[in-house]
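One structure follows; several queries about it will come next.
Think of it as A, B, C, D and E in the order they're written, each chain with its own count starting at 1.
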């Protein structure tokens, strides 16, 4: 396995991918530049606005503007806390369900039902039950994002070969180590898949939760721009969302690549 | 068994042939009878019912005795009664019909776009590399955040809802289809080629069937997402009809929380139904891929 | 129907987006009594979302007419969105009193006491918001010294009770419900034009007849209501919304406008400029056009 | 019939990988005549699978020609069938056993004919009853029999088999060996059989071809002086068997010095 | 040392399933003394795995006692290691070979000691170089050697092995057999070895225990009168080997009449 050749190829693929993306941007630019539509500014205008809005403070000013701390940071914070809650609950519950069939039988129908509840619509309920503060937003995000991680963990844990567990038991390994060194690593691919899905769901719910009773955040900014018919900022917020999703995915991919290195290698051997 | 017995390379006499499948399946070989499976299923079902009842009881108690910090949660009994009443209301059923239809249209749109695209991208490495970045940039866009913009372009009707649903469903379907194509076994591919089949025939007869389970998994995941997105779009975009806009109006009414709760319960039940339907579909068309489970 | 052209024989179909509240009473009355039909209109009702989304729907042509607030329309117009007034709708009165409420035992006696506190508003830049900021300005206070939180009307009572906010800007019909469960006190209210039926410039241009017919039908309904507000309300609200007859009977009604109150609207515009919600002022008369 | 069924001339293959080129086949020449059962033995990694993939047209060799019935092949030739080592992945799990056997005939052979060929092939491998099962409902040995039945249903002139019995247990393996010899008689098919089990190669074939380590050349072509039908116990006790076996084993050992245990890595 | 290393007394096990109860072990008695290599043979499904699972403490028997060094076991006892049949499901794919071998020692044995034991065990199975590879980068035989190394690193008094070589090919199998005999000497470990291959049992052991069909009892306890070291060719030619082998085969055949090949269907 010659890693330098591999990384060369990766660079090439990325270059082709970004080339295509740039091409698409160009098409977008040309199409919008000619239309003069109020609703569809050109990508150049959008990026200008984006930079102006959030990244114009220069190196001395710490690059990001004050608006960044109003529009972006609160959302990041809510998203992160919500996701962390969702992940901890989801993984814990998933392992419980996967290892104790009776628990699974008891709560599975209800969990499936709760999973099917449409997140944005829970907003009025959440407002009533949890109030209008950050708690409401974080719990909405956590509630929406917990399902994929829970169910992925559950099915991954169920699929952990019994041989692994028995091997550990014969070695008289404590249950804590069985959990952390056998069950969780063995289920880690499934868990990571769940983490990815839950992140994109979390972003959807973040936006939904910031639609009401908020005074900052991307969702709030988006609605305000939309309410005041400021289409350029509105697009900036949309692009910011896309970038947020892209970057969070990048981060997760990075972590996953580290943690699941063995799995990626194993897959490449079996190909 | 004399001295001319060849060395270990020959077949040594075995006591018996064990049905050890070479795939490491170490399940006891005992046959499971149909009636036993029924018994087992009913035990599981009974536990499920017990769980649901326990949950409802907990809800009832919490609501009755105001155990939550805010004393606004309607009781389980009240909510279920209003849900039942709603289900008897033809106007409300009409709203549900509208939601289901829009979710279906958007979902179908996503399938029609994503599955063929996934097949092509799965088969062509170059196209895959070329589109990867664009996909990665577009994928995280939360469709619900685009609703205001879409209302401007597509109004508040079926078109808008369908576009929101399709936008949300197209990516998981695409990813699952590509994954399905990639998971076609190399030997299966070589076997089909050894039949003297063209690339196209192989794609049609081997790659596609191999991809079906993964595609159907994508369908199962996205079907419930479709419903959630549709209701969300109606709720945020104030659509002309549908469960979401109905909930929106209820939530604006004083004391509407009871009906909102009832509507949410129905929305959840609807999601369960859709999921059950798609799971049945999956068992029917990709049962072979889930052989370990059955 | 979206953009259904007026066919020679049949009635003109228009879609109308309204919230299921007392503001929409003339519409319900006009439908029930056949005033629209008499004017050759067939009105299809549609639930309303927030003001901006509704205005977007007007522009996209998916809705022809919609009940929105003046600040929504004014903001849209100043951003160059081609929307205009189809007909005036409502104005605030002492009795209607859509305004700032606090808990009965609160220290807050007048809007100025809100400085440093939290106020719930149904949406930023809405009628109540504009009015409230104007009040502060008048007393030489900085409108930004109050924290504004967007909370749906239905959730305001709970937020006020829980102490999440110190004051709420409430309107009917939620107000009555809030008063039924919570001891609240009026601090100040907004007078003058509040809501209107908006339409797109394109619709007004293409179908001036339909707009004229719409105004005429509404005028008849408003006359009915002025003659017997309680009667109309108890008859119509339960029929078209989930409201019970008892609630409808007690419901407070706004002043329904038939004639365009250009001066009142101009003062809204000026106020919005003053509080910084609008960059440049324009003439209220630009918003309204007479049609045949 | 002036031509042998299969003629291989100066076949060379070099894998071009990122780690550099690796020459696997370095000039292979041989012929297989109609009716023969030729086994190819050679150390692991010497290129047996590569050879079979070039013969079946799945892989284009870097150099050299392959002719089937006198015609140089370019793609996958007609009249050829292949049985892979990995039975689990070579049967299609979404088709029942009968449908799997029928699969290569689709669009080529009329339905009635397909049905009868399928039934006949399945009967030949003793699986007439299993047509309606799914492959994964069968044991490994049975699955490999299905793969053989599928190959037979194609009525190939030449049947290529790549270590077909490597992943079944010893008892099943000897059952399958005898089955293969039986169907060979019944269907009158020419077989090229890759294995790395010397005993197996001698037991089954009329001729054993042995390969060196990579870069691979042919090191021997040993005829097997044993009559058919063969018998697991009697044939293996036969002095000719023992002698041929030792001969082939010696040839292989010479071609690839050193034990197996250090060479086996991966998959 | 008045006690045998392992004493099994009237061991019975009944699986309670929904289809009714199935008695698998029906009163098993035996002892294994320190230093012995005892093989257990018996027909498929007779309960060999069940027996090993009770001995290892993974399964609590319905009745009877098991004592290790005179102490009746309740859970998984100390001083015991087990090698499973399916090496793929017993090595952790996310740990490198060295880390796999080290795994049972974590938290019990100091780091330096762990390192040295791991190195020693891997060297003993001829895989000193493979410590930094992942298990799936190795061949099946090598993986099974890793599993053996892991068991050895635990320095068990008693090593239980459940058909450990059933899923590797014949050549590798005989290599592994010899390896096992070597490490047994080196580490001076007592081994209880389950197989259904009679030749293997005789070749490896000092003693062969044979089981009947279920409900299972012990039908024979045959000492193997062969010296160590053993040799794949010479030992198997030895008349004592041939005789013991026939004896055991006869005992088994008597215990379980009936053929095989029809029995194979699966899952």
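Here, a residue touches a chain if its C-beta (ideal position, glycine included) is under 8 Å from a C-beta of that chain, and two chains touch if they have at least 3 such contacts.
These numbers were taken from a predicted model, which means no experiment stands behind them.
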Chain closest to the middle, measuring from C-alpha centroids that were averaged per chain: B
Chain pair with the most C-beta contacts: A-B
CA centroid of chain A to CA centroid of chain D, Å: 51
Inter-chain centre distance, chain C versus chain E - centres from mean C-alpha coordinates, in Å: 83
Separation of chain A from chain B, taking each centre as the mean of its C-alpha atoms, in whole Å: 19
Interface hub residues of chain E, defined as touching at least two other chains: 86, 88-89, 137, 166, 170-171, 197, 260-261, 264-267
In chain C, residues with contacts to at least two other chains: 50, 52-53, 56, 152, 154, 158, 162
Chain B: positions in contact with at least two other chains: 9, 12, 14, 17-22, 24, 26, 70, 72, 148, 152-153, 186, 236, 251, 256-257
Touching residues (chain side chain E, partner chain A) in the complex: 56-58, 75-76, 78, 80-82, 84, 86, 88-90, 92-95, 103-104, 106-107, 134, 136-137, 154
Residues on chain A engaged by chain C in the complex (per definition of touch): 38, 124, 127-128, 131-133, 212-215, 224, 226-231
Sites on chain B touched by chain A in the complex: 24, 26, 43-44, 47-52, 54-55, 68, 70, 72-73, 126, 129-134, 136-146, 148-149, 152-153, 168, 172, 186, 224, 227-229, 231-232, 235-236, 244, 247, 251, 256-257, 260-261, 263-264, 267-272, 274-275
Complex interface listing, chain B residues touching chain D: 4, 6, 9-12, 14, 17-23, 185-188, 190-191, 193-196, 205-206, 209-210, 212, 286, 288-289, 291
List of chain A residues in touch with chain B within their complex: 13-14, 16-21, 24, 39, 102, 105-110, 112-125, 128-131, 161-163, 197, 200, 203-204, 206-208, 211, 219, 222-223, 226, 234, 237-238, 241-242, 244-246, 248-249, 271
